[in-house]
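What follows is a set of notes on a single structure, which appears directly below.
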Amino acid sequence: MPELALLQQVVERVRPLLGQGKVADYIPALASVDAGKLGIAITTVEGVTLGAGDYLEPFSIQSISKVFSLTLALTLYEESEIWARVGKEPSGHSFNSLVQVELESGIPRNPFINAGALVIADLLQARLGAPKHRMLEVVRKLCGNERISYDRLVADSEYQFSARNAAIAYLMKSFGNFHGDVNTVLQSYFHYCSLQMSCADLSRAMIYLANRGVSLTGERLITQVQTRQMNALLATSGLYDGAGEFAYRVGMPGKSGVGGGIIAVIPGDMAICVWSPELDKQGNSLAGTAMLEHLSQELGRCIF
Amino acid sequence: MPELALLQQVVERVRPLLGQGKVADYIPALASVDAGKLGIAITTVEGVTLGAGDYLEPFSIQSISKVFSLTLALTLYEESEIWARVGKEPSGHSFNSLVQVELESGIPRNPFINAGALVIADLLQARLGAPKHRMLEVVRKLCGNERISYDRLVADSEYQFSARNAAIAYLMKSFGNFHGDVNTVLQSYFHYCSLQMSCADLSRAMIYLANRGVSLTGERLITQVQTRQMNALLATSGLYDGAGEFAYRVGMPGKSGVGGGIIAVIPGDMAICVWSPELDKQGNSLAGTAMLEHLSQELGRCIF
Amino acid sequence: MPELALLQQVVERVRPLLGQGKVADYIPALASVDAGKLGIAITTVEGVTLGAGDYLEPFSIQSISKVFSLTLALTLYEESEIWARVGKEPSGHSFNSLVQVELESGIPRNPFINAGALVIADLLQARLGAPKHRMLEVVRKLCGNERISYDRLVADSEYQFSARNAAIAYLMKSFGNFHGDVNTVLQSYFHYCSLQMSCADLSRAMIYLANRGVSLTGERLITQVQTRQMNALLATSGLYDGAGEFAYRVGMPGKSGVGGGIIAVIPGDMAICVWSPELDKQGNSLAGTAMLEHLSQELGRCIF
Amino acid sequence: MPELALLQQVVERVRPLLGQGKVADYIPALASVDAGKLGIAITTVEGVTLGAGDYLEPFSIQSISKVFSLTLALTLYEESEIWARVGKEPSGHSFNSLVQVELESGIPRNPFINAGALVIADLLQARLGAPKHRMLEVVRKLCGNERISYDRLVADSEYQFSARNAAIAYLMKSFGNFHGDVNTVLQSYFHYCSLQMSCADLSRAMIYLANRGVSLTGERLITQVQTRQMNALLATSGLYDGAGEFAYRVGMPGKSGVGGGIIAVIPGDMAICVWSPELDKQGNSLAGTAMLEHLSQELGRCIF
């Protein structure tokens, strides 16, 4: 088990990188975050959580929520129902591109780009009476923190600037691959993205990915095989158009969000969450990636 | 260590799939292969090789050679020299597409699609007096088999139908990312692809990927970090536009060739090679993928 | 002036082509039209209208309305305001593609593809209190037929299947090139498309394009230079991805609609409208194009 | 007939535009041209040639030669043989793009982009013993100037930087739409482009396009219908990705070259050639387009 000192050292080592990235500013609510935040937390399969820096401070998890959405969908649908509507391949395009969706007849490449996550949100909407409420319930239970909540300011702000995501949803609808009301599903989708969680929360919530599908409280969320598959999808498609570089440098399945968070998994061992709001050109946390890279090197642990 | 019986069982289990794929027929020399061939071999880091089916029969390794090319390039160049000319991301397009190369100013997405491998071949040509000879030497030594050779019929046949690859090379040249004579480099490239090796040969040759960069004879080819990085690239980009599905089903870094071979790696443990000439829609061996999937399940071993 | 006999002969000559095309069926209201309809009408700059076949029967003018929209916009805006938001080039893509709009930052290629016409509809919405009412007024006056009206069944049906156009509008909104409420503008847009007019009506309404901008009643709609420019845009972009073939065969500026109508212009001479509901692969009236081709040959008149 | 004074006035009116464009510099031989050159010449169907400015000075006609190539091909092949291998539609992409060629299975969009002109050059190569010699013969006769010749410096220079065109040719070859030896055809192609002609020469040579297919010497090159069709193709595809804007501003069929020349046609009336080496963003002569625009306005003549 890594010692606390290692985590502290990792945080300090990347601090000089602050200033080299760019905080997401497409909505005011995200642009106002303190760019100097740096945090890391790990949770081991034994249930121990350690952290350094701003690891207890909640931030906007944004696209990291796509992992929770897919997990929830896996509990509600047959796998074939899901994979008939979304692919499993890296996209080769930016996260919010419509080109691929048009060229490939409305089927998004994977569940971790916006188009794919919107299909998943559409699936959740169709089976759940109150999807926003249910998601909150699931996430709170996963990390054992009842205070986790949506940031309505962020959700509303996203909704106000939602034209691109609306375009994607309508395009899929025109191909018959989006069934619900676009506005309703977008509302849910933006709420999922607006979840406020700390590195500690996220590393605890994600432990099922390191623990064969079993959560901290010992509950099975998804099967062992599904966990393996989820990690495989995260490894190939979890970091937008930077998945190859991330695998190359960090070597772990992971998922990033434009809020500056990244979760990563060492199967059988631990779940990790880093946070630093400044993003690189691919939209992934710049210092966050560096923290994971250092951790991987120091632990001598990665999946490759 | 898996027993021989397991490998035999894996071969028999996929035999019913024969007939569902399609042998590559873009050159006569490949089209004439016996579609009913099925082989699997593993080599452990301890140096033990086991096999079943047609695992001793040489076949055309085709794009699997791209792993050897990149490895050789890593021994001749600084990493920065290589990655300035080729990317590390999945392509999201078919293996021989020019669209991405044009849109991204002549920089191929990764070294395992044709465009990227041609850049690597161009790099080898620039540093090696006799690259075809040298490649043969390296590969023979890696698997300890002096009889390994090029299939000149295949190489010539490829060269005769080389218009698409010539187009890719000239397109990169127009962007300043291809320096050598196109015909000369294509000749070398097609020779690498025409290597005739058996599953046993390939699983032995690739063991360095499972063994931190050290070959069967105890020689270090590349560093431990480079080995990890190579596996990361294979996991995200090794199976053309089917890398996500392969990770999902098999969960190992791998590389396929249109000759029907696939190599895969369980880091720290073993290198595997399967062979079955019929391909699926993405151009990867159909029964070969299934063999790896069964093996992964039976061993309970994958990287995720 | 062409004699009536010529028009009748043109109609009979193309009758054998019936059955070779395909009636638009993306909405039920259009799919139910009688595929055997065939009509042609011409109106000369002197104000004489002649017709043959079903030239008095109203049909759904669909995209032909894009000519009226642009004309109306030219009366409400400075030209620079219009051309800052929509281009003048042929698109090289199908009429409802989003690819080009995404790649070119939300600026549609021309006002006659869906994206461009939606921008024009957005412009009309911003300046007109009651754009649907105003459009009806303009068109009725242009052809001197007070009975012209919208087909609300068609408009509603289009709106019900409007996902693709909504996607285009939202995509442009995400680039800041669509200002109004998407649903409101779509409602107006689909109403314009649902105008019911006969060949006679349309040839009369369009005479200003042959008459330097002056309508049948002697009113100036647009300047002589604007008329010339409108004809130029129709010649290069009026027939979707079939403009080159249409210029090659017919040699006149023109605009087609999926209802099977095509209007064409011989500047200084006459406006023509043909109608036959079956479409070719580019979505243009198959027999309609043939009628125009024969007429052009018989008259020995085209712009080239 | 326009008076000489008008042409002189047109030249002076655009002189202030010098300095706003950019001389083609992709080969040294073109980059060294005097950017201050300005010329215009017209030839009427009666055979009178008038000019102003540097209208007697030969320049590199470059892509204007694509008009001669297609004309020559029309005399050697059935039309169906030509149009089976090249389309008639505007491309919607830049003149040397491979994207469209790949997406549309090796069939270029029209004969005036590079890919299309290479197919035409391939056709000429297949039917003519000495295509370069024959082209020279044809062009010399068309304008009655025996001193017209290739600029071998330019041709060689083009060939040296021919990677992009080689890529296009090989790509088409891979689709079976290029039959000859790539290098040989490229050599011919670059020679055609290197023709040195003055505005006077070009306006005389192109008169058949204004004169129903009949040259200055009274010889019929192509039929009246083919002439009309050629003008139609020039109007929709003659100015690369600026055909719409050119039709809008100038309103004549035309063809431009990166040497700064543009030819234009008023059917039944005259052929025009302008020259000014500085190009706009689409690669068309900036001041040349302006000269044609002024001439069109002053004459009150265009095809629309």
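Residue numbering begins at 1 within each chain, and the chains themselves are lettered A, B, C and D in the order written.
Operating definition for what follows: a contact is a pair of C-beta atoms (placed from the backbone, for glycine too) under 8 Å apart; a residue touches a chain by one contact, two chains touch by 3 or more.
If you're wondering where the values come from, they're calculated on a predicted model, not measured in any experiment.
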Determine, using the mean of C-alpha atoms as each chain's centre, which chain is farthest from chain B.
C
Same interface as C-D shows up in which of A-C, B-D or A-B, over half of contact pairs matched?
A-B
Could you give the separation in Å between the centres of chain B and chain D, each centre being the mean of its C-alpha atoms?
47
Need the CA-centroid distance for the pair chain B / chain C, whole Å please.
55
Centre-to-centre distance between chain B and chain A (centres being mean Cα positions), rounded to whole Å:
32
Send over the residues of chain C in touch with two or more other chains.
none
In graph terms, with chains as vertices and touches as edges, which category applies: line, ring, star, complete, or other?
ring
Which of the chains are touching one another, listed as pairs?
A-B, A-C, B-D, C-D
In their complex, what parts of chain D are in touch with chain B?
97-99, 102-103, 163-164, 166-171, 173-174, 178, 182
In the complex, chain D touches chain C at residues 87-93, 100, 109-110, 227-229, 231-233, 235-237, 241-245, 247-248, 251, 253, 267, 302-304
